[in-house]
Amino acid sequence: MVRKIVIDPVTRIEGHGKVVVHLDDDNQVTDARLHVVEFRGYEKLVQGHPYWEAPVLLQRICGICFVSHHLAGAKAIDAMVGAGTSAHPIPVAAEKMRRLGHYAQMLQSHATAYFYLVVPEMLFGMDAAPEQRNVLGLLEADPALVTRVVRLRKWGQEILQTVFGKRMHGVSAVPGGVQKGLSVAERDRFLHGDDTVPSMAQVIEYAQDGLAVFHDFHAAHRDEVDTFAVVPALSMSLVGEDGNVDYYTGRLRVVDADRRVVEDFATQDYLAHMAEAVEPWSYLKFPFLRALGREAGSVRVGTLARLNVTQTLSTPMAAEAAQQFHDYTRGRANMMTLHSNWARAIEIVHAAELIEQLLNDPDLLSEDLRVDPGPDAWTGEGVGVVEAPRGTLLHHYRADRDGAMTFANLIVATTQNNEVLNRTVRAVAQEQLSGRVEITEGMMNAIEVGLRAYDPCLSCATHALGQMPLVVTVLDAAGRVVAERVR
Amino acid sequence: MGLDADAVLTRHGRDRTRLLDMLWDIQRAWGHLPEDVVAGIAEGLGTTANDIRETASFYHFFHTTPGGRYRIYLADTVVARMRGYDEVRARLEQETGATFGGPPDPTGSFSLLDTPCVGLSDQEPAMLVDSVVFTRLRPGKVADIIAQLRAGATPEEVANPAGLPHDDVAYVDHLVETNVRTKGPVFFRYPTDYRSLIRDCLVLTPEQINERISESGLRGRGGAGFSTGLKWQLCRSARGERKHVICNADEGEPGTFKDRVLLTRSPKQVFAGMVIAAYAIGASNGIVYLRAEYSYLIDYLQRQLDEMRADGLLGPAMMGRKGFDFDIRLQVGGGSYVCGEESALIESCEGHRGTPRLKPPFPAQRGFLGEPTCIDNVESFATIARILEEGPEWFRAMGTADSAGTRLLSVAGDCSRPGIYEVEWGTTLSAVLELVGAQDPMAVQVAGPSGECVSVAADGARQIAFEDLACNGAFTVYGAQRDLLGIVREHLKFFVDESCGICVPCRVGNTELLRGVDRVMAGHAAHADLDEMVRWSQIIRGASRCGLGATSPKPFLSTLQRFPDIYRSRFRTPHGVMLASYDLDEALAGYDAAMRELEEDVS
Amino acid sequence: MTIQLTIDGEVVTTTEGTPLVEVAAANGTYVPTLCHHPGSPCLGTCRVCAVRVNGAIAASCSLGARDGMVVEVNTPELRDLRRTIVEMLFVEGVHNCPSCEKSGRCQLQAVALDMRLEGARFPYRYPDREAEHDAARIWLERDRCIFCQRCVEFVRDRETGKKIFSISRRGERARIELDVELADAMPPEQVAEAVDLCPVGAILAKGVGYDVPIGQRRYEAWSLRNRVLGRRPS
Amino acid sequence: MTPDGAARVHASHELPATPPPAQTVEARAGKIPIATISLCGCWGCTLSILDLDERIIPLLDAVTITRSSLTDIKRISGRCAVGFVEGGVANEENIETLEHFREHCDVLISVGACSIWGGIPSLRNTVGLAACLREAYLDSPTRVPGSPPIIPRHEEIPRLTTTVRPCHEVVHMDYFISGCPPDGDAVFSVLSDLAAGRPVNLPTAITRFD
């Protein structure tokens, strides 16, 4: 009897997804897909609104990486008003304030995804009881670890509160700069800690928990980790002038399995390089590099991709960890899905170190926070790209001379990963389910584990219209989709 | 055509307060209000074009964009719907090729528009073709009218083939019927000898007149029922160099048409009442604010005024009394129910939007142009004339303790003899129903939508009187076969359309109430929803700025009280936890619609 | 003339004719308002200041104090009434606080917060209202307009006294219009005044926004209630 | 299930699963069960629960989380004391999920702007569904040149609703916590009140609309 197995919703991710796996009479997986079941229409609904409200409106796409959306939007608006050029550069302090917020988000977002959503598997195993393998179980098993994570996350959130006025969906960036800088007291609170937040030194220590957890787990389950869903794809990231990853600005670079550069282009030229396919079975589009076509030109973005693209990381502990990471694959690109979590742990440390550098940077205390290029500099169009926690995020806006938004195109990290996510679902389904007569909840959870490694933000991804349920669909032997819908 | 802004401005003395007159001149000349002419008017008046449009766009007879050569306004009223409105409407669309509310037909000949009650409930369906009225429409008659217009006849030629002069009552009688069914002591039984009356009154002191009016116990006939004598005394004692008398002939309450009949049959009785009022309060300026729907009365009424002027009964030093200068002008409205509210009417007379003012101050203290103003209804002025002819005691002897005299009723709906009846206050509902030949009556809309919908079975013994069933003159009978809930909806829609929008409870609340009734009708309401709607109604009535909001929920409230089954029978038992008001079909209909639209796009 | 009246049972003394809403504030009773602009003529449009005076509901901005008046403000019924009116405004427009530039210094928002406005009892309408953005420095976001008429009555061309903002149409279709030529002649400080005068985010200065950090915005630094009652932030 | 050739359908949460260890069951017995869900939202309100920071740890002594995006529990089983609902109703799956929550939760709370008035996603209501889909899939500048026009439409993805609606227009909601998102303090205040059996009394000072 052919079977269809549905995971609905995929849990411990952000957003709505549904996975459907089809098995034929011989218990072979015939198809497996990630269906994104939400659509919201942000490209259209922002039109007609005043351009200066766009970055604040569009950050509501996502409650996890709102800072990335806010900043991608702010950069697009900068270009629109003619700021950020050599004639009207964004003040140094403004860019650093934006970076501070961005890194703090990287820290708290990764910490949330990693510890709350991913680590339970490392501790309890993929086929542990669903009631146990989550943050509640983690708290019951290791309250000390959870307490450290809570404090780490809180420190990151408090920086966001300070920079943006709120922990989530606040405001900092305005056209040409930021509205507020950092006071000495605010800086010292995060450097030295107080009754409410840990010190910078403690944060660096907590940040290393992630690496330790990963290495322990890896050591105990090396084969399982290294062979689980090895999914080849190109890797893409924003890189600075030195060719190393820059979360805030730079060019887009794509590398192949040998970490050779296959594409390198300015962000504002993205339309010449990127296209998006549409499938009837998902609200989520499938971006790829035009020159290579969809099959060869689909890219992976996010933690694993960034480590693949970059040569090193700019802070000492992270650089050392990155070296170890690169050495593990002997310099070739890492395609092991679960190693995304290693990369994530490295980036937690990197983000903490980057914040430390900034907090010690006197520029942040400057009051020169905004440039006004004047009406003559208006261009009416801008592309803003940042590296969000989950990967490359692009906002492209146009507004008319009256200031009304006329166009927005948004390509978010999880969308970039759509093809790879589906390949991962298929790979895990094949590995775990093919040939099995009895399928258990734990085997299906393995598919979710594969997805969680990408920390998919289906909320972001479904900015286009609604929600993304994760469902595993099982097709019949003829590849026909089973008509019945399961909830 | 060819009338430019300057000519219009000159004709009206470049007086901003005459803006409605200017707009009418422009619209009659151009068919709409062209931008450049509006700009010219604005410049001439030292204001902005937006300011002119602010006034113009308030009134539904003014149009800032061109329409067909003829604009046809079909009265959409509850009574019309009982009398074949739907067939007439369909035939109009068919014959003209235009759609209601849509663009003109392809030849540019006709625009079709809805309009609320035009004061012809005893001869519906009725329509205005521009300012020319046609009544008792049937599909065949409509086809004939349109055919004639297409053939080149003007509406005026179609309606008045004999070419009767417009200032003659024969012309008015040719267009519309007056249907006076009873000739009572106050109205119609015998004509007022207005010359003698005015002469006799001017012998008295103003105080004496005020006393007589107070003694008569007269209460305003517009609906609110304020003591006329008290109002006059307030106005007389109010400080102001100049004072005004305004006659409210903006008879907009759906179902009423008595003022039209009074102005047709007894105009000078009305004007005499105004002259007496002017004398009693010391006013020099009189205005008759005539609703635009009654434009076919303009020339006739102008002639009545001219005759009075020729008689020395209007104008400077009237009847030789130095210092008593009083004249009356006609002010034609622009299509707005709320202008029947006295302060909105004054705003309109000043050339503004018909937005009710905040009270206090009341018009008697600060009215037209900020000066003391006595504003009374057509029927009130006619009554005043008769009171001063016959004496206050004579008047006081009729009616009830709190409601002296008689009341004109505009009777329409399911009865064999619709028309105008004069009844003493205190007459019972049943007595009136018998008088008018009511046919299997179930309910009566007393005082129009802003009044009460009462049950014939339960309320037959109630009296038409301020102390019981107050009535502004509208009396519409609904037979047992009528869909009362549908009628409630029509009335609520009327208030939504006619709200000026200035205050929140009325602007927003009435729409919500209408939507609530729509949900009931669609079977998307449960008992709790009605309780909510009652609460909304209380808030609208209590918090609104003027009488419109104070009364607009009454169609809902009075039927809920008297006919709860029309609501209960539509309740739906919610299935599961989903609220009755959530319309699942509607919620998902948009998806299929969007997909169809997109499929057409891509194929 | 000095007179006495009671507000929620307390006897207060005031000058005859003082708007009740101000008498209440002077005596420590907050009555929310949206259209009322102290020192300017009464508009009486929003009705949010509804109270009971001698048993009848009245807008307390539009009624002058008289001797012996019995004024009720804080009864459950009146609180519900005022809140309902605010809910009406929220469903009538699109009050998109999350991205609105005026958030934090929006009077409607402050009033609603003070009332603990939750889900509205009316279905939301989501009207599609066209923004007016032809002027060089003013953006009129009609979605957020509550039709209070402040701009219409109190913003005039400084040379000619002409209206810069006006109304068109009526009822639920009524909306604010902007005279673009006169708007472009407004000096920058008058634009700022107009933005400030607007109790919601309907009048915006183009390209200007979010200048004050969250947490320090007008009604965060000093709540509307305390401003009205004259209680300085501690 | 169609008669010929159709597959048997299994939901992953109904497949044989490892039972929870006895100490897990014991540890959570007697705690107040709560559940959370995001409908058409950004998941920010759900994450605001984490913004309770350290306070979440003692709170979890009194309450436990059943269905939630943070746990792997995909359906509420048995009665749930409190359900937090983030997001508005934008597709048929949202409707079903909301009904599931209403059926199983004693107290249902609308959390955040989207749940309370539709939030930013409801801005699509004025634009229309077709226009949004056209913009996203047909007129996109990254559409593959020469590709056939495709609008996603499939049995596995839910139909979208005509307009995005607040939750309380679909089912009865007991409480509201406004904000985009609400601060953790607001969530804590409500949750503490409910856990202690007090009437919910959310102070104005920690309420926000943005």
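The chains carry the letters A, B, C and D, assigned in the order they are written, with residues numbered from 1 in each.
Here is the rule we go by: contacts are C-beta pairs under 8 Å (C-beta built on N, C-alpha and C of every residue); 3 or more make two chains touch, one makes a residue touch a chain.
Note that this is a predicted model, so its numbers are computed, not measured.
Touch-path distance (fewest steps) from subunit B to subunit C is 1. Summarising the inter-chain layout, the chain whose CA centre lies farthest from the centre of subunit B is A. Our note on geometry: subunit A versus subunit C, Cα centroid distance of 43 Å, whole angstroms.
Centroids of subunit B and subunit D (each the mean of its C-alpha atoms) stand 53 Å apart. We define each chain's centre as the mean of its Cα atoms; on that basis subunit A and subunit D are separated by 21 Å. Per-chain Cα centroids separate subunit C from subunit D by 35 Å.
For subunit C, the set of residues that touch two or more other chains comprises 96, 98-100, 123, 214. Within subunit D, residues 119-120, 123, 126-127, 129, 133-134, 151, 153, 160, 163, 165, 169, 180, 210 each touch two or more of the remaining chains. Of all residues in subunit B, those that touch two or more other chains are 581. By the document's touch criterion, interfaces exist between A-C, A-D, B-C, B-D, C-D.
Of all residues in subunit D, those touching subunit C in their complex are 110, 113, 116-120, 122-123, 125-127, 163, 165-169, 173, 175-176, 178, 180, 202, 204, 207-210.
Looking at the complex, you find that subunit C touches subunit A at residues 96, 98-101, 131, 133-134, 139, 141, 204, 206-215. Looking at the complex, you find that subunit A touches subunit C at residues 48-53, 56-57, 60, 81, 164-166, 169-171, 174-175, 179-180, 402-404. Looking at the complex, you find that subunit C touches subunit D at residues 90, 94-100, 103-104, 109, 112-114, 116-120, 123-124, 126-128, 214. Chain contact summary for the complex, subunit A toward subunit D: residues 1-9, 11-16, 18, 20, 22-23, 33, 35-47, 57, 60-64, 66, 112, 116-117, 127-137, 139-140, 143, 146-147, 150-151, 153-154, 157, 166-169, 271, 274-283, 285, 287, 294, 396, 409, 411, 438-445, 448, 459, 464-467, 469, 471-478, 480-487.
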